[in-house]
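Below are two complexes that have chain A in common, paired first with chain B and then with chain C.
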Partner chain A sequence: MPDIPEPAAAVRLENVRRMFRSGKRTITALDGITAAAAHGAVTGLIGPDGAGKTTLMRLVAGLLRVDAGRIEVLGIDVGRDPLAVQAQLGYMPQHFGLYEDLTVQENLNLYADLQGVPHADRKRRYSELLHMTGLGPFTARMAGRLSGGMKQKLGLACTLVQPPQLLLLDEPTVGVDPVSRRELWEIIGHLTREAHTTVLFSTAYLDEAERCDAVLLVHEGRLLGSGPPGTFTAEMTGRSFYATSGIGRRRLQERLAAVPGVIDAVIQGSHVRVVTAQATPPEPASLLADLPDLALIPTAPRFEDSFVARLRTRPVPPQMSSATAPVASGAQTPHADLRPRSKTDAGAVITVTHLTRRFGDFVAVDDVTFAVARGEIFGLLGANGAGKSTTFRMLCGLLPPTEGELRVSGFDLRTAAAPARGRIGYMAQKFSLYADLSVQQNLRFFSSAYHLHGAQQNVRIDWAIGEFDLANLLEASARDLPLGYKQRLALACALMHEPDILFLDEPTSGVDPLARREFWQRINALAESGVTVLVTTHFMEEAEYCDRLVIMAQGRVLTEGTPEAIKASARRTDHPDPTMEDAFIGVIEAASARAAA
Partner chain B sequence: MRTPALQRLFGLMRKEFVQIGRDPSALAVAFVLPAVLLLIFGYGVSLDARNVPLALVVEQPDALSASFTSQFEHSPYFKIHRYLTIQAAERAMTARTVTGIVWLRNNFTRQALTGATAPIGVIVNGVDANNARIVEGYVQEVWEQWLTSELGTRPYAPTIALTPRVWFNPAVISRNYLIPGLIAMIMTLTGALLTALVIAREWERGTMEALMVTRVQMREILLAKLVPYFILGMGGMAVSVSLAVFLFGVPLHGSLLVLTATSTLFMLAALGMGLLISGVARNQFVAGQIAIITTFLPAFILSGFVFDINSMPRAVQVITHIVAARYFVAILQSIFLAGNIWSVILPNALALAVMAAIFLGLARANARKRLD
Partner chain C sequence: MWRQILALLVKELLAVLRDPRSRMVLIGPPLIQLMVFGYAATFNLNHVPIAIYDQDHSLASRDLIARFTGSPTFTVKDVLDSARRVNELIDSRAVQMVLVVDPRFARDLLTHQPAPIQIILDGRNSNTALLIEGYANSIVSRFALHWAEQHGIRAPPATLDMRALYNPTLSSTWFIVPGIVALLTEVETLLVVGLSVAREREMGTFDQLLVTPLRPLDILIGKGLPGLIIGLAEASVVIAAAVFWFDVPLRGDLLALYVGLALFILAITGIGLAISSLVATQQQALLGAFLFLVPSIILSGFATPIANMPQWIQTLTLVNPMRYCLVIVRSVFLEGGGLPVIAAQLWPMALIALATLTIAGWLFRKRAT
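Let's look at the complex of A and B:
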């Protein structure tokens, strides 16, 4: 291992193309990517789901072959000699590649055997890795019984048993709690500093860009930009502002999004965060003349701003590409017609009182209490295994609670689950559409499933086609839709029966920023018209869109409040502007400190 | 000192054994599945008739008819229900109380003694055609025995008597030839299922992807799967043979050594088939379906275990040659019932060796260290 990192690139991609065949269609996963990752640095491969990140990782690892172009890893042509590359590689696939029915130690032993670690070196190496990952006390535990964060660290330890020259990590932070995520980044920092390991790290979380030395931003198989994260944010200097006005953040966001020259307007806490097309500071009055109280406060640019700017300036392909053009133009009519109901009666629509659910000895949900008012967007934020899904299933009447009371739209779910379900629209993670049915058939099926028929059914289907701009895609099968359109269709299906309450399970995790904005714009409009929205997510970004949220861990509610209030509680003199993730970690650490005391 | 390649191989095999020890499903497929199938088929599937409920209607009881019916009373094949009229017997057959009727009309004795034809009416429930034919055969046999003994008491005994002899299975217990076939059947299923499921599981859980990026070679992965499941499969074979011999009392005329050697060949063919399936399916559910459809069903129908290959249409007979169980059924039936008949065992063993080589070779060729 060299003491000084060589200046040459560890990974070099030359015009890499890769296609996949799916039935009769050919999908271009990577469309001519030319890029490089430097020795001894952390290079982030950043992009939404479907960008081609995993394909690129597998190509670098020699698990797939390129259709055109060339990949050179550590000076070796991967296509020619994948074994030579693999001998110097550590690769952690999604889901970590662990044997869940082996113990922590047995997993390490297996990978030590596979990587050819001499028996004499093992003891020292194991103790280093166990110390680094904090898994020392758990060597006899089955990998399947570890938490998501611990699995991630064990997966990492297994790939590091023989110190690799190049470490490939494919979305290691998906579904992992923020504390583990932070620890993983500390381990990676340690590796690059001490062992000069080159790291290629793929992620759909844009906020991880700033932790990388260099970033490759990919979208729909193309490279949108590359370079140190600072160069991405530097382009955006002087273009980001917090806007406030007396008309309320949702109305303000909707108005600002429609102003020419504004390329992005998203709700963040009590403000609207605005990004402009030009670096010249805008006069507030020139943006919205009829709002004299509009105030703009400059704020630091983020990596995401640059992504959005690139997506906006990119020529939009005519059909079946990103699902975002209407929002960009701002031509979207206000969604007043989406839900003609008015926001009349206040009071809680969903009440959860001392809810507990046990599975044998395991307490999945532990004494959870919260209430959601009509027209509110309420979030359940927590890592995988925090009890969000179990709570959700009980709210849908799919799982009876062990203890406690649940009321939805005035119905007690213990006694009247069916009528309560009739008031609920549910959009599952990964959308649960029928992939082999066309858009039209999906709409017809889901409306029938909600007991719509005859003229009423046709009215709702026509409404969905118009509202979600699906007219050109009616005959396409759901499988072939771009992610953004899948999401639209799933939301349309959930709204067929005009529900009072909408349940969303990780609705925008991994979709591109423009599709996410469009989606939340619709959700905001629904909430404005009186629909109550309940969101579960492990995605900090989504928590910002909520009116109020609870943070859950190990089945318990740790804190409840508005995003602003939760973030404010984490404010320290040395950390004046904490993120939602900082607040989350603070709450979790405070809870474990209380438990230890 | 171990070479890195051996270290990898032993590491993978150790992992496989630990997983087998912790996962009851592999042990269940290897040991419980054969035992259960053998018990169910061994007791449930029988081509013998025993205690068949039979109605007897004797319209005019006398000495001659009594001597005839006593043959039935003493036969182990039948359980006799007596009825006074044919109508009552027919009602019993409609109600499925009896499966056949033997009817002696009131003129039976007179006709028999006067030298005219004395008719015996036999009615058999033809709903189950196979059973009907067996019952018919037994009734015929009882009648012939009665005729021989009855005629024997007379001075003009016939010079020719029909005495059927059955070779190799003197008691004509169908179980004796069904169970060796059944063992071939069960081993086809467990052998293919064992490997098909475990490799598909590695694909499903994403561990195959992680393995592939290590220094490991595909042949090491395959060998590390083959060895443990071979041992497991042969254990299942031992369980099946023990049950056959000690529980069902099937005679084992051939040598254990020949049995072990030919079973090894067959097990390699079955495991090779499983490896090939799992390389193609990459999904436990699909792999399981394919394993059952491509191994168990053809083995059941086309191996000659129940249905005689020689009576199949020519085209189907050709197809049976690619069913490995066909050769193993022939070998097992000969080892169990006849002994080491080399003229049967050698060509069939050769065929098994060829099939094992083909399946393992295809599995190896199909296993590339790539995901596409």
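Let's look at the complex of A and C:
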């Protein structure tokens, strides 16, 4: 790893450790991080939830103190003189304190007052910021009525009212639509180029690594790697391929994932993306001898490949600390053995026709229509506030629609008798479990809630414990589980009663790539056995796992189709291999062009 | 159905008991409140600071003053030799009463004239002033009786001979501690039930519950039963403390007491569930609970008699379940009441419970689905 030149470092971390107490447990949020961020560059702090990103940000901002080690910011020891550091930095936390009942201009004025910006300088600064963020036309609008992306841009503008030397941005792009995300990155690029601001940017989106000048990859409080993003992908050169075969992508993915020497196999569109342990290109026949039609096409490595490679080769830490233990062997066929299903019934399981939901005069869901067939994985893709969660809640019967009709296996879940709900599995956002109950108690409660009892209940609980590898954690409170295990337990609870239909709300948000792969492996197997899956997500990547999806924005369905077809619609001669995000942006731009015409 | 409700009940109790913080809320504050109310909330006056201004300095005046000095009710803080400092002492709250003995006190007594004694009271707390006056009055009349006896004077034609039934020493503890049984039961039940749905809403598990085949009624019962169990357990602890720690006699039928408490807890559970259905966060639930608690305690007769309230407020107290519970608790503890005695309190409370639970069920269904 090439070192960042020492004298240019704006932030220097030396063996930084920080612990937190949670009840009787001590959590090591940061475990000896040594790193640096260069002057005038964008340094990305990249890692899944729980990696320690926010803790590190707060330490750098002098809002927390280190337990051991030392942090130097702009040549000042933060521990010794936090106020001197704070005078020179701008910090935008994850939930920036915008006053929703003030207008855009009033929010700017407030932050200018708080940061003591001289009145003489304000006019010029405001016009710069409003121009940069594109908020100029909206100065009189209430902050609460801005879209998610605009709110983030306003938060950034408020942070920048007093031009800082160092800008700390804590996950500013999470849940923001791709267009706004692209604009935020343009603003950041502008800042480093024009104002030579040093930016420390944290994110859980691995694809954002490529936009940074340098990357600090953190996981579970440790630094897994650092350097320019190119060095991460360079390690992976010649190890990434697209595999295709006539047996279908899901089965192919399942087979390839089990081959020794393959460290990663994920479904992407109609192919399976494979990453190998060695850079020697494998002979297709040597991978899976019984598949003569297996074809491998080399493709460019991604940052995520290198993260996955690092996670796979790292020594497995003791129980409870990792969410990435190997998938139990039963994962391939979760419960096909218990209830064989026929895939012949091709009728639509979920139908939504002209669904509309208003809150006052705000239209959250606007005339949405789609249908999902049995055994299909169907995605609702959109940014926060696009209306996908509202649609999802209406489908689950948690919210009445204002207009339109919806049917889930023939029922409207809102008015359906309780047994109809017994055919549904539901996994809520943030893996809602009873935090004070142990793993075993959660499993027992949810299985009882689904009318399981006696021997049958015990069989299912034993199945869940074996399948999700929970045996060592049975007595642990759900609150204390690592995120990846929370996700497993939430899925286990949703599957106790072997539902025909599975509703997943942001199922892998924030978990590390291995936990996400493991999760989707199970979902694929469930779909193969005939379970219909409806999933909401704001992760463009996750959309690739769906059979079909709709892209939603401002309550409307902008497009519907297979991931392949949606991506193909964005294919241009100068851009032959567009990502889902490119397609998303294309769809949104086309929609606003239509609206303008 | 009962299997599911049992599962809900077990889950609810585990959630409360496994969380160290909610365990603390159940055990800590009630014990502290019990001790604080049991000892501090008393109408008995002790060690009232007083000053004496004796202008007579006779044997008779010294005898009278000795009765004040020797009483546990009063503590003599100051002896004055002029009227100059009387106002100052009262103003600065150094004393709450000044006893002024007239210079002709002994002479008037000996000549069989009415002998005037003045007391000057701090009227800022009218309630205390009235109590002090009562105590002073009884000391003075005992002195007068004693004097009449010694000097062969005919006693006053009519004398008051008082005997208090049920609480012969008129101990405040006997009056207040049984009230605490009702008070703490109300507070704890309301908090446990009121916060439980809000907590699930905050954590997102409520949606999870609603998508299971559990029906709103199951969930309602599953949320209400833990309140009943915890409320009864809480009440039992306070009852035990009342009997074994504060030595309040428990003369009546324990079964009657528990029947009354169960109905009371059901009524409160309904209110807690209604609050829970209306709010989105635990903070709002807490506010809602206190919005109900404060008036319900003031209008219950816990501290101030309902009979003294204006008529329209008395009418208002008829819908307050704690009003009936207090009568039951005091009746069973002190009067030795049984089911027939408290029947008049049971049916209104049953009606209130029915009403609050129905409203809760309706709100719950409306908000849940």
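Operating definition for what follows: the second predicted complex is superposed on the first by the 566 of 597 C-alpha atoms of A that agree within 3 Å, B and C clash if a C-alpha of one lies under 4 Å from a C-alpha of the other, contacts with A are read in each partner's own complex, and residues count from 1 in each chain.
As a convention for this text, a residue touches a chain if its C-beta (ideal position, glycine included) is under 8 Å from a C-beta of that chain, and two chains touch if they have at least 3 such contacts.
Only a predicted model underlies this, so the values are computations on that prediction, with no experimental measurement involved.
J.: With the two structures laid over each other on chain A, which partner does A:83 touch: chain B (first), chain C (second), both, or neither?
T.: A:83 sits against chain B, while chain C stays out of touch.
J.: Is A:396 touching anything from chain B or chain C once the two structures are fitted on A? First, second, both or neither.
T.: Only chain C; A:396 stays clear of chain B.
J.: Tell me the contact category for A:65 with respect to chain B and chain C: first, second, both or neither.
T.: The first partner, chain B, only.
J.: I'd like to know which partner A:147 touches here: chain B for first, chain C for second, both or neither.
T.: neither
J.: Which partner does A:94 contact after superposing on A: first (chain B), second (chain C), both, neither?
T.: In the superposition, A:94 touches chain B alone.
J.: Should A:419 be classified as contacting the first partner (chain B), the second (chain C), both, or neither?
T.: Once the two structures are laid over each other on A, A:419 reaches chain C alone.
J.: For A:529 in the superposed arrangement: first (chain B), second (chain C), both or neither?
T.: Once the two structures are laid over each other on A, A:529 reaches no partner at all.
J.: Which residues, counting only chain A, touch chain B once they are in their complex?
T.: 58, 61-65, 82-83, 86-87, 89, 91-102, 106, 109-116, 158-159, 168
J.: In the complex, go through chain B and note every residue touching chain A.
T.: Where chain B meets chain A, its residues are 4, 7-8, 10-12, 14-15, 18-19, 22-23, 205-207, 209-216, 369-372.
J.: What part of chain A is in contact with chain C in the complex they form?
T.: The touching residues are 23, 393, 396-398, 400, 413-414, 418-419, 421-422, 424, 426, 428-430, 432-438, 441, 444-446, 448-451, 453, 477, 493, 503.
J.: So in the complex, which bits of chain C are touching chain A?
T.: My answer: residues 3-4, 6-8, 10-11, 14-15, 18-20, 22, 203-205, 207-215, 369.
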